[in-house]
Structure formats: C-alpha cells, structure tokens
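For reference, the structure is listed below as structure tokens.
Chains here go by letter, A, B, C, D and E, matching the order in which they are written, and residues are numbered from 1 within each.
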C-alpha cells in the first residue's frame, strides 16, 4: 500500500484521515480510498475535517452512506447540540467554547459522524484542533481498540473539559462583580457587567444543557457503534456535564441575587445622600435664619448697638452649626 | 382526461387542487372529482384552500370523510396549535407568523387534513401562499413520492422556518433596548418598549411551544399517512422548533434582566440627580449665608466701612464656591 | 303513561327530570319512578337539580345507588373540580363562572353523576340554567343517542365556553391597566387594580386548571358510561381548557410585567419630579443670592447710588433666570 | 373475660386501649394482654398513646413486632410527614396544626402503626385528643368493621380537617394585610406582617404537602391492612389535602404580589412626598425672593418711599402664593 | 494467623484496615493480605483511607479489581455526590460538611467502594474521622453481620447527620438577619450578609440535593452488596436528606423574602427621611420668610418703629414654628 503517496495533495479542509487497525495507527489515507479500508476486519478510519467545502462533505457522505438531513446539518453549522441515530450510525453535534485572548467566550461547533468502523469529526468556527486528543488516543492502543466509539468519547471529553476554564472565568467575573457591588459605589458599569455576564451564562447554558440528554442517550440506548465497555466513559462525561450545569446555575442564581443586592445598596446609598443633604441643609439654614432676624429694619432691635453684637451672632451661629453637626454625626445622618 | 376544463371556474377559496402520481404532478382537478382519483393506486391529491366558505369545507369533508369536530375547528380558526388523530387521518393546526412592513408581527393559521392519499391545507389570516413550497416539492418527485406525509413536512418546515426572521427581529429589538437601557437616559419609552417586546415574545411562544409536542407525536406515533422514511424529517422540524423556543426563552430571560437592570439604572440616575442637586444647593447656600451676615443691622460690623469690604466678601463668596465645586467634583457629587 | 300527572308537585329543586329513548325526549318523570325507566333498554334519564335539599339527594342516591362520599360532596359544594370513578359511574365536579352585571366574576359549582343510563346535574351558586343545553341536545337526537356521556359533554362544553367571556373580560381589564400604567400618572389605584386582577386570575386558574386533568382522564380511561365515539368530544373540551389556561397564564405573566413596568415608571416619575424641583430651585436661588449681595450693609457698594442699580439687578436676575430656564429645558431637567 | 379489671392502673401515656369485634367496642384491655386479642378472628385493637415513654413504646413494639427504625422515629418525633411500609404493616407520620388562643399556629405530630388487626396512634406536642373521633367511629360499627384501615382514615381525616381553620386564619390575615397595604400609609409593620405570614405559610406547606404523596400511596398501593372498600375514603382525604395546598399556594402568590404592590405604593407615596415638598418650597421661595429685592440697599428703589409699598409687596406675595397653590393643586402636586 | 505482625508499618494514609467475621472484629490486616481474607466465607474487610497516595489507591484497585474511572475519580476529589454501579460493586461519592471554629462551613468529600465482602472509605479535605462510627458498629455485631452494606449505611448516616447542625447554623443566621432587617436601620452589611448566606445555602444544596437520588437508587435497585434487610435503613437516610433539603429550601425562600422586605424597609426609611427633611425645611422657611418682609427697605413699614416690633416678630416666628411642629408631628411627617 503506497500510503505515503496519498498525502500528496490533500484538500485543505481535510485535517487528518487515518486508518487504525486493532487500535494502532496504520496509515494516512485518501478520502477516496476509505471504502477499501472499511471492508477489512478490525479496522476503522478517523477523519478530521475543518469547515469542509460542500464537495468534501458530499464525498464523505458517499463513502459512508450518510443521511441527507445530517449532512445538510453538518454543512450549515449553527445547530443545537444533539444526537441523532440513523440506523447503525450516530450523528452528534456539540458546541465548543474557549476563552479568547481578550477574555471573551468564543463558541465553535463540532459535528461527529460515527459508524461501526469510522468516525468523522467536523470543526466549525473558533475551536482548538483535536490533533492532541488523537495522539493521546494513539498512545494507548488498547483503548482505541474499543472502536470509533472510544474516539468519540475522547473528543467529547476534550470538548466538555474545555468548558471548565470558561465557567471558572465566569465565576471569577462574578467575584469581581461581588467586590464592586459590596465594596464600591453603585455605578452604571456594574449593572451592565451583571447583564453581560448573564448573557454569557445563558449562552454557555444553551451550549451545555443539551449535553445532559445527549450523554444519557449515548449511555442508555443500544447503539452498535458504541461498545458496551465504552459506555461507562460517557457516564463520566455525563457527570462532568452535570457539574458544569450546576456551576452555571449556581453562578446564575448568585448573579440574580447580586443584581437585587446591588439594587438594595443603590437605595441605601440614595438614603445616605438624602440624609447627608438634609443634615447639611439644616446646618446652613440655622445661621441664615439667625441673620434674617438681625437684618430686619425695626428701629429697636435688642443689642443692635452693642459693639460685639455682630461677633456674638457670628459665634452663636458657629456654635449652633457645630452643635447640629455633632448631633447629626451621632445619629448617623452625616 | 379533460383536466384543463376543470379549471374553468374554481371557487376563489380553492387556491390549488392537484393530483400527484408517483410524486409527479398529474393534473389539476375539480374538488368534486377528487374521489375518483382517491381510488387509483399510488396517487394522492394536494388541495390548497384559503379562508374557505362553509360550503367548500363541507364538500371537502364529504370527499374525504373528515370528522365533524375537526371541520368545525378548521372553519372557526383561532385554534391552538395541535395535532389530532382521527382513525387513519391526521388533523394538524399551526400558527404562522411573519413580520409586516411596519415591523409588527402578523399571525395567521394553517390547518392540515392529511390522509393516506390526500392532504388539504387551509390558510387563515395573514400568511404567505404555499405555492413556492409546492413547486419546490414538485421539482423533486422522488421525495414527493413518499406521500402526503412529505407534503405535510414540506409545508410545516416552511412555516417553522418563517419563525426565524421573526425571532431574529425580536433579538434585534432586544439589542436596541439594551442600547437604550445602558447608553441613554432612563425613559418611559424604553420601559414600554420592554413591555411590548415581552407581549410579542409571549405570543410567539404560544404559537411555537405546542409544536414541540406536535412534532414529537408525528415522529413517535405510528401514523399510517406518514411513512417510516418521512419521520426523520419531522425530527428535523422538531430540532428547529426547539431552537426557536430556546431563542424565545433566551430573549425573554434577557428581557427580564434588562427590565431589572433598567430599574437599577433609574435608581442610580435618581441618585445622581440627588447628589448634583445637593452639591449645587450647597454651593449656592454658602454665599447666601455670607451675605446674610453682612446684611445684619448691627451698628458695629467689622470692615463695614472698609471701601473694599463688598469686593472682599464677593471674592470670598466666589472663592468658597470654587472650592466647594472642586471638592464635590473630586468626590463625584457633581 | 300518564306522564303529565307526574309534574303536579315537583319539589322546587328538581329543575327537570326527563327520560330519553334512543336520543329522543320521551317524557318528564317523577324522581321516584326513575328506577322503572332504568330497567328499559336504550333509555336514559337526565335529571337537573338546583341546590337540592338533603332529602332529594338521598332519593337520588337511593335511585341510582351512588357512593356515600360523592353524595356528601354533592351536598356540601365548595369542592375542587375533580372526577371520581365509583365502579361504572362517574362523579364530576366543575366550577362555573360568569360575569355579573357589575363586571365582577361570580363562581358557581356543578356536580354530575353519570352512569350508563342516567345523568344527574346539580347546580350550586351563581350559574346559568342548562335548559338551553338540554334543548339543543334534544334537537339532535342522533347525538344524544350516544348516551348520558354525550349529555355530560354538552353541559361541560357549555360550562367551559362560559370561561371565554370571563377571560376576555380580564384581558380587557389588563389592557385598561396597560393604558393607565403607560399613559397616565402613577397612582395607588392602578396598583390596587393590578392586585385585584391577579386575585381574579388566580381564582379562575384554580377553577380551570384541574379541568386539564379531568378531560384527560375522561378521554383516556376506559369508562363504561362514556362511549368510545363520545371521547373525541372531550378532547375538544380539553383543547378549550388548555387555551383558557394559556390565556390566563399569559395575562398573569403580562400582569407581572406590568407591575414591574409600573414600578419602573414610578421611579422615572420620581426622577422627573426631583429634576424639576432641582431646576426650579436653582432658578429661584440665583436672584436670591444676587439680592443678598446688595442687601449687605457695607458703606461702599459699587453702583449702590446709581439710580438704575435696582433695575439693573432686577434685569440681571430675570436674565439669569431665563438663561437657566433655557439651559435646563435643553438638558431635559425641566 | 374480666376486662374491667385491666383498667386498674394504666400508665398515663396510654390514653386508650380498646378491643373491637366486628366494629363494635368490646372492652378496654391492658397493653400486655393485647396479643391474646390479636389471635381472635375479626377483632382488632385500637391503642391511643400520648407522648409515650420508651418503655411503653418497647412494649408496643414487642406486642406487634414493629420495625426498629419506625419505633425509633416514633420516639424521636420531629419527623417529616411520611408513610413507610414494613411488610404487612404501615407506619404513618402526620403533622397536626391548630390555632392557639393567641392566634398563633401550634404544630404537633401524630404517628400511626397500622396492621391487619391493630392500630396504634401516638400523639406528640400540641394536639387535640382523638377521643371524639373514636366515639364517632364507635357510633357506626358497620364502618369500623372495615378494620383498622378505617380507623386510620377517621383520624387522618380529622387531622386534615384541622388545617382548614388554620388556612382560613391565614387568608383572613392576608385580607388584613391587603387592607393595610392599600388603605393605610406604608409602614414597617405591614412589611414585617407580610414576612411573618410567609413564614407561617411555608411551615404549613411543609406539613401539608407530603400528604399528597402519602394519600396517593395509601390509595394506590396494595396494602393489606387497608381494605379495598376503605380506599375511596383516602381519596377523599387526598382531595382535601389538594385543596389545602391550593389555598396555601394561592395565599402565597397573593402575598408575594402584595409585597410587590406594597413596594410600588411606598414609591408612589415617596413621589407624593417629593411633590408636596417641591410645591410648598416653591410657594415659600417666591415671597422670599420678592423681599430680597426690596431688601437691597440701593439708593433708588422704585416705590421705596411710597407709604403703601410694604403692603403692596405683602399683597403681591400673598397673591403669588395663592396663585401657585392653585396651580399646584390643579396639577396634582399638592 | 499472625495478624498482629501486619500492623508493623502501615502507610500513614491507611487509617484502618480491619477484617470482620460474622459481624465481629477479627483482626487488623495489611492491605496486601486482603485478598486472602476475601476468599473466606462470611468475612468482609473495612478499609479506611485518608487522602491516599496514588500508590495506595492502585494497590486497593488491584486487590478489589475496581474500575479505572472510579479510581481516577477517587483520586481527584472535587466530584459531585453520585452513585455508580460497576457490576456487583458500588462506587459512592458524598460531600461532607461541618461548622469550623470560626462559624464557617467546611466541606470535605468521602468516597466509598463497596463490594459483597469489602468496603473502602476514602476521606478528602476537612472531615471528621469515622473511627467512632466504626466502633459503634462493632458494638452491635448482629447489625454489622448484615455485611458491608450496613457499614456503608452507618457512615452515610453519620455524614448526613452532620448536615443538621450546619443547616441549623444557617437558620440561626437567618434569624439574626431577620432581626437586623426588621429591628435595625437598613445597612449595607445586612444586604451583604443576606448574599453570603444565600451563597452558603446554594453550596449546601449542591452537596445535599444529589443525595435524594443516591438514596433512592440504593433503596430501589437490586444491588448485590446491599442486602434486602439493609435497604429500609437507606430509606431512613433518604428521609433525613429530604428534611435537610426542605430546611435549605425553606431558608432560601425566607431569605429571598427577607431581601425583598429589606428593600421595602429601605424605601420606607427613605420616605421617612424625606418627610422629616421636608417638615424641618418648612419649619425653618417660615421665619426666614417673615424676617425677609421686615428686612425690606421701604420707608413705611407697619410697626417698624414700635419698640417691641422685633420681639413680636420673634415670638410670632417661634409660635409659627411650634404650630408647624405640632401639625407635622400629628400627621406623622416628623
């Protein structure tokens, strides 16, 4: 088999196309040669595509006899995470997520076609290559020998694990919001930050929540391409998904409470402003009132001719102000 | 067959009445001739009605032996989306939606009677003609050969796909609301806009949510008029419906949060007004107090006879105002 | 049969007691003669009671062999809508509703005992007589021939349809509230109106919600007194009930949003008051400050002896006020 | 049988210990003689305990062969309402409630051990004696002849019926809160009252909600000690429990709305205060401004020497105040 | 058997490793000798580990033939509470909680591997030693004779019971919050305290809620290592877990209401501040206005030359102030 010659001019969208025999990497193959491999016993093909053109997809469909609807879905992207069974083969759609360099969450999509002797992974949008997963699998052939179902597990596990840093990032964001809410002055920015985090949480939830059902079905249903001994591994992914969901739910509930707490604190803050204002208004009003009396034009005003009248009133005013200041301070109005 | 003669004077409400043989358009037929076609093997009739009169409906009922209750429903419109099985035939009610030219959502209703060899679609209210769907179906006879069940799928798929632009419109509306909430001053209009969007969301949800159950039943139940190989197609609609529902739910949750955020921001805004007011009040109160002192009628007031007293007080007042202004500015009260 | 003689002195609470044969009204009968009719084939008795005395109920119980618990319930009224099966007979409790003349919702209760050859309806509280339903049924004997199950359907359908105007009334009330919230000034009355509508909604929901389960059980369970062909009719009621429930839920969710929107608008209104107040306070404070300066008793005040000084200050004050007014108006504070 | 001699010295915690034969009271018995009765056909023992000591419980356990865990539970009290089946016997825990003299809700607990020929009721905490229930049962032996299951029903029915006055009391409390919210000024007390009612509602709900499941299981499961004909009676309790739950839920939802409405009204009230204050401030500011002008020390002030100048200004001030008062009154600011 | 020699140098992480025969403690054993014991009839081994090293875990895995995934989980900690069945053996993960000395909640984790003749408990993080549970078990050999399933119950029961003081602590915290909300002035600290308690509640809920499902599965599923007679004991734990969950839910709902009530009270407080401020402003404004009039420079001012004019105005001012004070006090503004 002149396998090496196959590699000459692979279309760019085909990242990898390798045949495995008894769990061991056998050779890279051309897409058009795949059907030959499929006929041999105990072999399977693992093809990795990245945003494939319609022609490549058609070729893949032709090689493995995939259902029209699934291939249409695989081409369009922007699907909801789901698992569909078409006879002996399984079509899985997952959403991938990762933190970009500017701390935003970037979503991608990966589709899987899995049969008894093949697995095709198709990446769309922002996502990390699965080359590492593949080489890790290749390093333990006894596992990979469990068939394409194990390869499916390996990539799914990798995708799900990518959500942990994403959720952690959001938990850190929540903590930063908490700090702002409870330690800083109420600001428009904090409210907007809460809203944005909520938005991200909803998006992550939409990506992760359907995985509960997907894993459940992969574990429970009798699917030919997933061997009996591979199923506990999907239960493991199920556990991770449940945990991610819980973390998201938790963060969301805390965020809602933070929004309400924020609101309470704004009101308390408003209260403080009012009190402060009222206090200072009173302090200023008293001497104003006092000077009003001595500004009246009556002929006879007590002490009006006393040389120290002005100073007395001034001192009285200052004294009253200090007294009020002390009283307000004590009662918490200032 | 003098089919062409049939077309002479069709009642206006009958948009189309065509017989198909092995998936290929055979001929337009009169409603009254339909029973003849029904007796031939491998043929089916696809009738399109638009707000039919009671007489036409009765004729249809008579031709296909439909159940009283279903026909009554079909006449009344204003039904809830649902699927009803009467023996071998299926009665489906869907709500249609589209964006009108003035950016409002217009709802319509479409009813389907589907049997093993016939499908009747009845449009009510604002809705797009299904002529395009029909001609697209006719262009792939191998699909249409799957029977009336496929025609049902084609129209349902078309109706469901019409919801995507509607939901997108609402997502855009949400973004416009977000902009107003976070970037503009709080206004009565934004609040009303939030309320109106919520209203629309609820209406769309009422139209779309029952579809989850409808698709589920069409996929799962053993319905004679929907062939085994047509079912995955309804699963595809199911996926779309779930996605629309998720988008609606998402928008709704974000809208609720926006309403609360809006509220927080109104309070912060109120806070700012109070602070600003308090700050300026203080700035003005200080010189007022000062002039009060020199307005007192004491005989002996210090500097009262000093030629620059007035100017000194004026400068002092201005100086105090500037100082206060600076202090308030620094502490964020102005 | 001297049926007419039976009518002589019927107790007031027995509104109607008629025997039907093959769906056709045969004769009015005395309660005590009912058992004779029950023995004849293809006949059934339809008895209509209105707030019956304990004696009448005992007589009914005796004639049809009803269960103690059901009869006790029927006497007490204030039951929850429910369906109970006792052997071959069914006991149904429904709540009825109607709009009174002063636009309030009045609730009543109707109980049904249905067996294979009898139906007893017992009305409590505010409710419309079922005489019309009965005569409508009598006008289509082929339907009534389906047995007492059809009579049950006819009355239930009538009762459920009575809820539509009630719910419509509430939707109109909601619209009036919307108008008040978004177009009028915030008032205590609007808030109270929202609360009262919520109260009514909850009460209607309590009356309607259990009907979903009741209809479900009447459709699904194999109940002897409801013939196979009568069941789709209950499915029709089920649809109506679901729709009423949705309308109630919808109104409730909108009402909640209206309450929150109302709250936002109160706050915006508060904001406006504060701004307006602050603006006017500033406008008045400026001339006050100005006059303060010229009210000081310094010997040397510039322009103090200028004949037009007063007028100049007056004009300056007016000018400043106008300027401030213009500035505040432009920035939206007034 | 010298039954009377048994009564000599019963331990205080044993309220009652009676043997029934064919539903009729036969004799009071000593706890230690119970096993003799159990061997006779068609007899059963009904024992009523009140906060029994550990010894008495051990004796009971020994007589009837009860499970360790159940007896441990029965001794500890503070259980959650539940039903447990141990072979042929049933262990039921219910919470009892009643309104104390000072209008508080007092909770108690009652445990039941029911076998085919015995029933033991154990009361803990505040609760009414079941002597009345017992004598009412004894007055209809044909019912009591249905076995210990009927005695269980009778006491459970009694306990559940005790919740109606409790829930009514809470509904009355809600009405009093409504009155305070909508008719009186916002006060701290109303808010606290709302909170306390919510607390009580939650506690009642915790006591009542598990009963739905308990009744369900007693009706559905095939329990030997509850005869077929006794089951409808538990369905009756089930109905009551559902109704109590609904009332609690209803009150709770209204209470939440009242809390929100209360909040809206506080804000409106705040609005009113602000408006009133602003209005009066304006009314007072105008004459103050006016007097400021005539307080300036210009040499030439118009009308300054006019004998009626002061009166004119005074009248003008009063006139302006009245005008403003009228304007504010009309626009709703005062 | 030279059991004693086994104890010589046990690795630190192995807290305990004891063989039991017919429920009685037989001997401490070395990990490497365990397989010998496993071959003997009616014996089982109970091993207690504390944060074991990877080597010890591998040894354990080797001795009992545990599944890779479970062992990996056991090593990593930070799992969600769960139960996994691998053939005849069960893997259980629980979270433990306790109140630290500074009144914080400390969480730990305990993992169990249970087979028909062995149980391994692995403690991680803050947790109390299970030595007491073990010795309590050893003191009732007839119970321990039920097998490792009973040991599992004993430790699980102990862990679950540890949650009661934790939940009680949180209920006490809620009461302290209630006191602060209803009896003290609104403060930022109370709001933060509410938020922190909510956070803790969510964390406890996450630890406890999965236990409902775990207990359910241990009771219902037919697991070989849990004998039929041990199952009611897990039902008992189930009851406790349900109660803890209810307490947490209750506290959470009350906390939410407290947050809202807090908010209402802040607003009422704000209202009081506004009223007080307005009242005092009016009281001060009146004499200011009065003195303004007599400060005007008209030639002819009534009573201006009256010797007691000043005093009269002063008295009038004081009188008006007192009058206003009385009026405001009466109407609740001060």
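Everything that follows uses one rule, which is that a residue touches a chain if its C-beta (ideal position, glycine included) is under 8 Å from a C-beta of that chain, and two chains touch if they have at least 3 such contacts.
Predicted model only: the values in this text are computed from it and were never measured.
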item	value
Degree value of the rotation bringing subunit B onto subunit C, based on Cα positions, nearest 5	70
Geometric centre distance via CA averages, subunit D-subunit A, whole Å	43
Rounded Å distance between subunit A and subunit E, as computed from the means of their C-alpha atoms	27
For subunit C, residues contacting two or more additional chains	260, 263, 267, 270, 274, 277, 281, 288, 292, 295-297, 301
Pairwise touch network: line, ring, star, complete, or other	ring
Ring of chains, enumerated from subunit A in the sense that reaches subunit B first	A, B, C, D, E
Interfacial residue positions of subunit E with respect to subunit D in the complex	178, 182, 232-233, 235-236, 239, 242-243, 246, 250, 253-254, 257-258, 260-261, 263-265, 267-268, 270-271, 274-275, 277-278, 281-282, 285-286, 288-289, 292-293, 295-302, 332
In the complex, subunit E residues that touch subunit A	67, 69, 79-80, 82, 84, 86, 185-188, 191-192, 194-195, 198-199, 202, 206, 259-260, 262-263, 266-267, 269-270, 273-274, 276-277, 280-281, 284, 287-288, 291-292, 294-297, 301, 304-311, 313-314, 317
